[in-house]
Structures are given as structure tokens and as C-alpha cells.
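The same subunit A turns up in both complexes below, where it pairs with subunit B and then with subunit C.
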Partner chain A sequence: MKNLALWIGAALVMAAAPFFLGEYHGDLYRKLLLWIALALSYNFLFGISGQVTFSHFAFYGLGAYGAVILVVKAGWPLALAVPAGVLVCAAVALAVAIPATRLEGFYLALATLAFGQLFIVVLNEGGALTGGTGGLANYHLPKIAGFDLTGRPYTAVIVVLVLGTAALLRRLDHSWFGRACRAVRDNPEAAAAMGVNVARTKVAAFALTSALAGVAGMAYAFVDNTVNPPIFGLENAFLLLFMVIIGGAGRHAGAVLGAVLLYLLPFGLSPLIGHHHALVFGVLMVAAILLQPRGLIGLWDRFSR
Partner chain B sequence: MQDFLELAVSAAASGCIYGLIALAYLLVLRPTGIINFAIGEWAMLGAFAGYVLLGALRWPYPLGAAAVLGFMLLVGWATERVAVRPLVEKGAPLLAPVLALLGMLVVFRESVSVIFGPDPRQVPYPLGFGRLEIGPLAGSIQNFLMIGVTLAVFGAAWFFFERTVWGKCFEAVALDRRAAALMGINLSRVTALSFAGGAAVAGLAGLLAGPNLSAHFLMGVPLAIQGFTALVIGGVGRVEGALLGGMLLAFAEEITVRYAPIPPGYAQGVPLVLLMLFLMVRPKGLLRAP
Partner chain C sequence: MGPILEVSGLTKRFGGLTAVDGLGFELRDGEILGVIGPNGAGKTTTFSIIAGALAPTSGAVRFRGEPITGMPPHAIAARGLLRTFQHNRPFAGMPVLDNILVGAHTRFSKSPWRVFSASAGREEQESRQRAEALIDFVGLAEARAADVATLSFGQGRLLEIARALAGEPRLILLDEPAAGLTPAECERLAGIVRGIAARGIAVLLIEHDMRFLLPLAQRVVVLNFGRKIADGAPDAVRNDPAVRDAYLGEHAAR
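For the complex of A and B:
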């Protein structure tokens, strides 16, 4: 009960925050929350289940485009479009997960990289449905019971998404499923010997986290009221991986820390180095792997002890 | 028919570039087990080194090309020193150097973007723009040069693996690292050599493709994907598989662009679809290890 009160309190504070921020900073805040949601689910896939994939942003894009197409293009009511969108994301995630997780080692990384790139090709060539290279823009979230959610109030939707993702993944991590995922990551043979169904665990982790990325994408669709292909490309997939590794792979707090740090870093660095912050990301990534494989959260552990 | 033969020459030339990139993957992958995500960036560095030495500084081509290869050997050696050796010595899992190389991909690319900016740079043609006809086959001199150089490189690679002690060391390490080390093979030297050689081959691919593609800081990732697809099609077990895979991929691409009734943008999807298909259906590739 106390726990629930804590979550609700956090939700209220987080949803109220943009009312004390300017228009611009409120927008950044909403996007930061979405990055945190993505980092949390990717951390579960990469850090906890040990699957190196580059398709997370493709699922994010699938959710975003799916939401726009269902709500705006097809004009479905939200009560129907939202569950349908979630269902589509989950179905595609499962359909990709079943063959992909059979691949050994780094072949999974390359197959999902190809899938992510192919998704961009399809978006670029999708004609009127996806809007081609320019994407889709100038649409609006329909009013919900006469109430316009656009702008600051929409933060509440994203807060529910982030906290829901965090709560679900935390709970799973502490359940038998989380332990099975870690066991499969560390030693699949030993895990199988202990009675863990390795294949099913991999598929479940991939499909679940990818579907969560899709749901985050559905929320993203109405943040900027525009979706276009480059957002869902390889660059951001790399950045997400860097966030999780620099923050500390396998730890929820690490994922949040990495997302916040790498999202805010360009704003601090741009007066010094202009648009070349990606170079700093690359250097930080190499340095993290070489010097501190457990990430910033590992540093934190060492100093707080 | 004339149309197809013209297509065949240009497809064979791109197939050679993919084959060289696949060979670069293979040189690193066989002895170390590492899939090097930065291989496409190595090719990009080769193209930019070609632009600087041959285009901007106007060195004579043979000297400039040799200098590019020397520079690439150095880049490969340095990449191994910085991003791989410390992790191997620490006994980190194989994933660690692979991720470090992914970081190096971004470091290479962004460094080039800082130095040269976003505009494409022209790499000079060594033998000019002329056209060459050999019997029924016709194409640009550059295309024939690419094919000739690639065949020479693959010949040299075959000689290296089949006829030299170093090549046998590579194979021994690929078969069993522990046993090879116990037989007195210096593992860290083989690793350093494989990275230097891989970088030189990838850089050569960039130098050869440079005149047609233009050196650009984003050229690495597409080349990396095409080269890897070629490697998977041919099979990771044999050197000639890399060339076969490159040829098959290039012909599939060119034929799709020329004859298939789909929008040209979808041609970019050909290597991606082939890569996924082969990984699913035949992950060991067409040629099995002997």
C-alpha cells in the first residue's frame, strides 16, 4: 500500500513538473522521459537478457507510425486504436523474436540491424501511407471526452508510460523470469540444465521489451505531432546502446542515469563543440568499456561503499 | 544482351568491393571470433586517405596508394591496441571488444566529419575516365581495375593461407585458440596482424570504390552491411566464399535496380533482405568449411 502511494506520488510530481517549466523545456522534458522509457526496456533486453540488438528503434517507429496511421489516417476512435496499436506492436515483436532469437551470438545483432535498416527503407518508400522521406506531420490527437490533451497535459500520458514500464520491468526482474533471463545471459547451457527453457526465455524477453518500445512510440507520436524516418534510424539505436552501457548495463538505475546524462550532454557541450557531440558519445562508450564496464552506476557503487 | 553484359561488368566491380570488405571481416573474424563493426569505417578512412594524398596533395598514384595501405596497416594495428588488446588481456568476455569496436565506429566517423565536414570529397581515378572493351565485355577502366586488383588480393590471400607459415598460424588459431597457443603460436601477434591486414584490405576497398562513390563520412555503414551480407552469403569458413558472396550480392542488387518493377529506393533493401534470409535459412553460407 505504501509502495503504491509512492508510485502515485512520483507520478503526480512528474506530471506536474512541466507546469513549472517553459514551453521549450517542457518539450525537452517529455522527450527525456521517453528516452528513459526506451533505455529501461532496452536495458532489460541488452543488460539483463544479454541480447545485443539494433531493432529497438524500429519497434519505437512501428508504434509511432502505427498510432498515427490508425488514429489519424484511418480515423479510428482512441478506445479502439490504442489496443489495436499495442496488439500490432506485440504481434510484430513476437514474429521477429521467434526467428531472430535462434541466431547465435553477434548474428542477432546483425540481423536486427538489417531489420531496423529495412524498416527505414519501407518508411522512405511507403508512399502516401508513411509520407515517404518527409514522414507525417500536421496531425493532432483527437479530443478525449471534449478535453484537449495536447501540450502540457500530455505529459501525464508519458509519465504513466515511463512509470508503468519501470514498475513492470522491476517486478519482472525480481521474479523467476528476471532470474531466468540473467541465467540465460551468463550461461545458457547451465540455465538449460537448471530447467530454464532457454529459447522461450529469449523470445519472451525480446518480444516483451520490443512491444514496450512500440508502446513508447505510440506515446511519442503525439509529442511532436510529426513522425519521420531518421528519428527511428541506426543513429538513435546506437545512442540507446551507449546510454545503457555508459549508465551501467543490467541495472535499471544505470539505464536511467545513462539516458539522462547522454540526453542532456549535447545541451551542455554545444557551446564548446557545436554539433559534434556524437564524437564525445563514441569516446565515452569506448572509455566505459575499457575502464568501467559496469558503467557510471558501478562507479557510484564503489564510492558509496 | 549488350545491356546485360554492361551490367555484368559494373556488377562484378561492385561485387569485388563487397568481396574485399567481406575478406576484411574474415581476416579479423577467423582468428579472433570478433565481428568488427568498424570495418566500414576503415574503408571510409581508406577513401579519405586517398583523397588527401592523391587528390589534395597530388602524390603519384603508386606511391600514394602504397602510403594509403601503410596508413591503414597502422590504423588497424592502433585499433587493436586501443580497443581490443586491453580487454583481451583483462579476460573480458568477447562481447566487450565487439562493443568497444562499435564505439570506435562512431569515433572514426565523427572524427572524419569534424576534420572534413559533411561534403563528399572526390578521390581521383588512377587511370582516368576511359572506357575499355575486352571482347564482348565493356566498361569503365576503373571497373576493370577494381576487378583486377581484387583478383590479385584474393590470390595473395589464398597464397597466404595455403602456402605460408603465418597463414597456417591464422588457421590454427581459428580452429582452436588454446591448442594454438600451446603449440607456441603468439596469439597477440596473430591478433595484431589480423587487425592490421583487415584494415589494409578494407582501406584498399575504400580507395578503389572512392572514385565512384566519393569519400563521405557516412559511407561506412552501407559498405559494412553489404560486406557483411557478402560474407554471410559466401560462408565464413572459406576465403573464396567472400568473393562469391560479394558477386552474388552485387548481381542481385544490379538486376533488381535494372529489371525489377519496384521503386528504386527499395534496391537499398536487397542486401538487408538477403542478409536476413541467409541468417535464417543458411547461416553457414553457401561454401562449407573444408
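For the complex of A and C:
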């Protein structure tokens, strides 16, 4: 009960924050929250279950485009479109997971990279359905029971998404499922000897986290009221990997820390070095791998002890 | 009551080499059975087949009356047959307690719908308490909070045993558990193995160290070149001419 009160309190504060921020900063804040949701689910897939994939942003895009197509193009009511969108994301995630998780390491990375690239091609060549290279724009979230959720109030939707993702993944992590994922990551043969179905565990982790990325994408669709292919491409997929590694792979707090730092860093750096922040990311990445493989959260552990 | 484990006509060929040749033996409930033999006798191959890591060329393994030959390792573990590894295989990125809890994997109810339920929380708490008790049982208390990667070899072996016990097995397979241990650690290990049997868990030990095995096992099966050359009480096996021959060479046996 105390825990529940804490989560609700956090939700209220997080949802209220944009009312004290300007238009521009409120927008950045909502996108930061989405990055945190993505980093949390990708951390579970990469850091906890040990699968290096580059398809996370493809699922994010699938959710985003799916939401716009179902809600705006097909004109479905939200009560129908939202569960349908979640189902589509989960079904595609499962369909990709079953063959992909039979691959390991480098080959899994390559296969998911190919899937991500294929997804971008489909978006670009999708004609009227996806809007081609220009994407889809100038649509609006229908009113929910008479309320227009656009702008600041929409933050509440994203806050529910982020906290829901965090609560679900934390709970799973501290259960037999999270331990099975880590065991498969550390030593699949020993995990199998302890009764863990290695293939099924990998599929479940991949499908669940990819579906969560899809749900985050559905929320993203109505943040800018525009979706276009480059957002869901490789550049962001790599940025997400950097966030999790620099923050501390395998730790939820690390994923949050990495997302906040790498999302905000370019804004701090641009007056100094313009758009060359990728250079700084590269240096940070090499430094993290060489000096602190446990990431920023590992540094925090060391100094707080 | 029938035997808990029945191995019959087990044969494994690797190309032209017959590693296990028509092997058969039984293990009764609650018994400590040792399988010994010189290097290359087929002990590890036999072990791998029973645990499901390797498929036999022919023959069958029955566990609690059910054929398990050809089942994947996780399905065999779920039926109550758990193993340790000769070369410790800890989950290096997880705390000691979580390593043991992975061993209890098959004991959890797996319905995804009860992730947030209070009963799942209770189950987790109870499992933690049982894992803590196992840490004390094998004597790992001082290493409880240690990073798994920093455990000594002997402590890693104890972790292997505690992890397998967490699955509440009916039969535990120990793959050369004394290998690489100091004499003091061997003595402690023997006490633990007796404690396991006292809990009503059958123990199958694969070992090539006779001095460790003979005082511990209630019955011994001796392999040489993939064939069974003796099967009986430790004292009878010790004095068996064929066994002396296999271990010490023809001159000593004469």
C-alpha cells in the first residue's frame, strides 16, 4: 500500500511538471520520458536478457504508425484502436522473436538490424498508408470523453506509460522470470540444467520488451502529431544502446540515468561544439567500456558505499 | 517400490569410438550410488546422457518409471533430476542468493497473469527463505554477500550443490564433486552428501577418486572402456580383481 502511494505520488508530480515548464521545455520533457520508457525496455532485453538487438526502434515505429493508421486513417474509436494496436505490436514482436532468438550474439544483432532496415524501407515505400518518405502529419488525437488531451495534459498518458513500464519490468526482474533471463544470459547450459527453457525465455523477453517499445510508439504518435521514417532508423537504435551501456546495462536505474544524460547532453553541448555531440558520445562509450563496464550506476554504487 | 533411476543397454558411439557400451544399472530411492572408472571409462558421457545434454546411440534411461531418453535438459530438471557441473558454471552476473533461486526455477508457478499478485510475492519470499537455509546447509554463509566471480573454487562447488538442491530434486547428479578440492573441503563435501541422502534425496556421484568415493557410497558401479566391470558394495568392489586390474594395471593385480 505504501508502495502504491509512492507510485501514485510520483505519477502526479511527473504529470504536473510540464505546467511549470514552457511550451518548448514541456515538449522536450515528454520526449525524454519516452526515451526513458524505451531505455527501460531495451535494458531488459539487452542488459538483463543479454540479447543484442537493433530492432527496438522498428517496434517503436510499428506502434506509432499503427496508432495513426488505426485511429486517424481507419477512424477506429480509441477504446478499440488502443487494444488492437497493442495486439498488433505483440503479434509482430512474437513473429520476429521466434526465428530471431534462435540466433546468438553477432548474428542476432545482424538479423534484427536487417529487420529494422526492412521496416524503414516499408515505411518509405508504403504509399498513402504510411505517407512515404514524408510520413504522416496534421492529424489529431480524438477527444476522450469530451477532453482534448493534446499538449500538456497528454503528459499524463506518457507518465502512465513510463511508470507502467518501470513497474512491470521491475516486478518481472525480481521474479523467476527475471532470474531466468539473467541465467540464460550468463550461462545458458547451466540455466537449462536448472529447468529453464532457454529458447522460450529468450522469445518471451524479446517479444515482451519489443511489444513495450510498440506501446511507447503508440504514445509517441500523438506527441508531435507527426510520424516520419528517420525517427525510427538506426541512428536512434544506436543511441538507445549507448544510453543503456553508459548508464549501466542490466540496471533499471542505469537505463534511466543513461537516457537522461544522453538525451540532455546535446542541448548542453551545442553552444560549445555545435552538432558534433556524436563525437562526445563515442568517447563516453569507449570510456564506459574500458573504465567502467557497469556504467554510471556502477560509479554511483562505488561512491555511495 | 521400483528403482528411481534405471539405465539399460546404454550405448554411445562417437564415430568409431564406443564411449559407452551396453551399460545398465539401477539406483534406488534415497541411495548414494557411485560410478567410478579410470579416465576415459565413459563416466562423463553416461552422466551427460542421463542429464539430457547428450543423446545416446541406443538404450534407455527411465526416471521414476518414465522414459527420459532424448528429453531436453530443462524437461528432465523439471521432473526432479538436477545436476552439478564438474567445472563450476555459476551465473556470474548474479548474487549468490539469486544463483540458488535459479535452481528453484521449476518450483515457481509460471502463470503470467499473477505477476502482480500478492501470492507471487509470498512465493518469492518463501523461496528466498529456503535458499537462505540452503546457504547454511552447504556452509556458504560467509560468502553470502560476495560477488559470485570472487568465490574460491571450493565455494563455487558448494554453490553448484546448493543451486541444484533448490530445485527440490528426487535425484541429484554430482559430476566429480571432489575434483579440485582440498582434503579438508573433501571431508566437508562428504558430510554434505550424507546430509543430502538423509533428506531422502537419491545421489548419483561420478568420481574417479576412489578414496573419496568408497567410504561415502552405499553401492558402486565400476566402468572401464565404456563397459560395466563391477557393481556392488564398496568393500566387494575394492577387492574385485577386475577393478584392481583396471585401476592399477595387470602387474599389481597379480
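Here, the second predicted complex is superposed on the first by the 305 of 305 C-alpha atoms of A that agree within 3 Å, B and C clash if a C-alpha of one lies under 4 Å from a C-alpha of the other, contacts with A are read in each partner's own complex, and residues count from 1 in each chain.
We take it that a residue touches a chain if its C-beta (ideal position, glycine included) is under 8 Å from a C-beta of that chain, and two chains touch if they have at least 3 such contacts.
Quantities reported herein were computed from a predicted structural model and do not represent experimental measurements.
Of the two partner chains, subunit B is the only one that A:Leu234 touches; subunit C does not reach it. Judged by the touch definition given at the top, the superposed model places A:His276 against subunit B, while subunit C stays out of reach. Residue contacts after overlaying the shared chain place A:Leu149 against neither subunit B nor subunit C. Contacts of A:Ala183 after superposition: subunit C is touched, whereas subunit B is not reached. Contact with subunit C, but none with subunit B, is seen for A:Ala192 once the two complexes are overlaid on the shared chain. Within the superposed three-chain model, A:Leu113 lies in touch with subunit B and out of touch with subunit C [touch as defined at top]. Comparing subunit B with subunit C, more residues of subunit A are touched by B. Look at A:Pro293: by the touch rule set out above, it reaches subunit B but stays clear of subunit C.
By the touch criterion defined above, A:Leu172 reaches subunit C but does not reach subunit B. If you check the complex, the residues on subunit A that touch subunit C are 168, 171-172, 174-176, 179-180, 182-183, 185-187, 189-198, 250. By the touch rule above, subunit C contacts subunit A in their complex via residues 51, 53, 72-74, 77-78, 82-83, 85, 89-94, 98, 101-106, 108, 110, 115-116, 120, 124, 163-164, 167. Every residue of subunit A that touches subunit B in the complex is listed here, in rising order: 52, 99, 103-107, 109-111, 113-115, 117-118, 121-122, 124-125, 234, 238, 241-242, 245, 276, 278-279, 281-283, 285-286, 289-290, 293.
Residue ranges of subunit B in contact with subunit A, taken from their complex: 35, 82-83, 86-87, 92, 94-96, 98-100, 102-107, 109-111, 113-114, 221, 225, 228-229, 232, 263, 265-266, 268-269, 271-273, 275-276, 279-280, 283.
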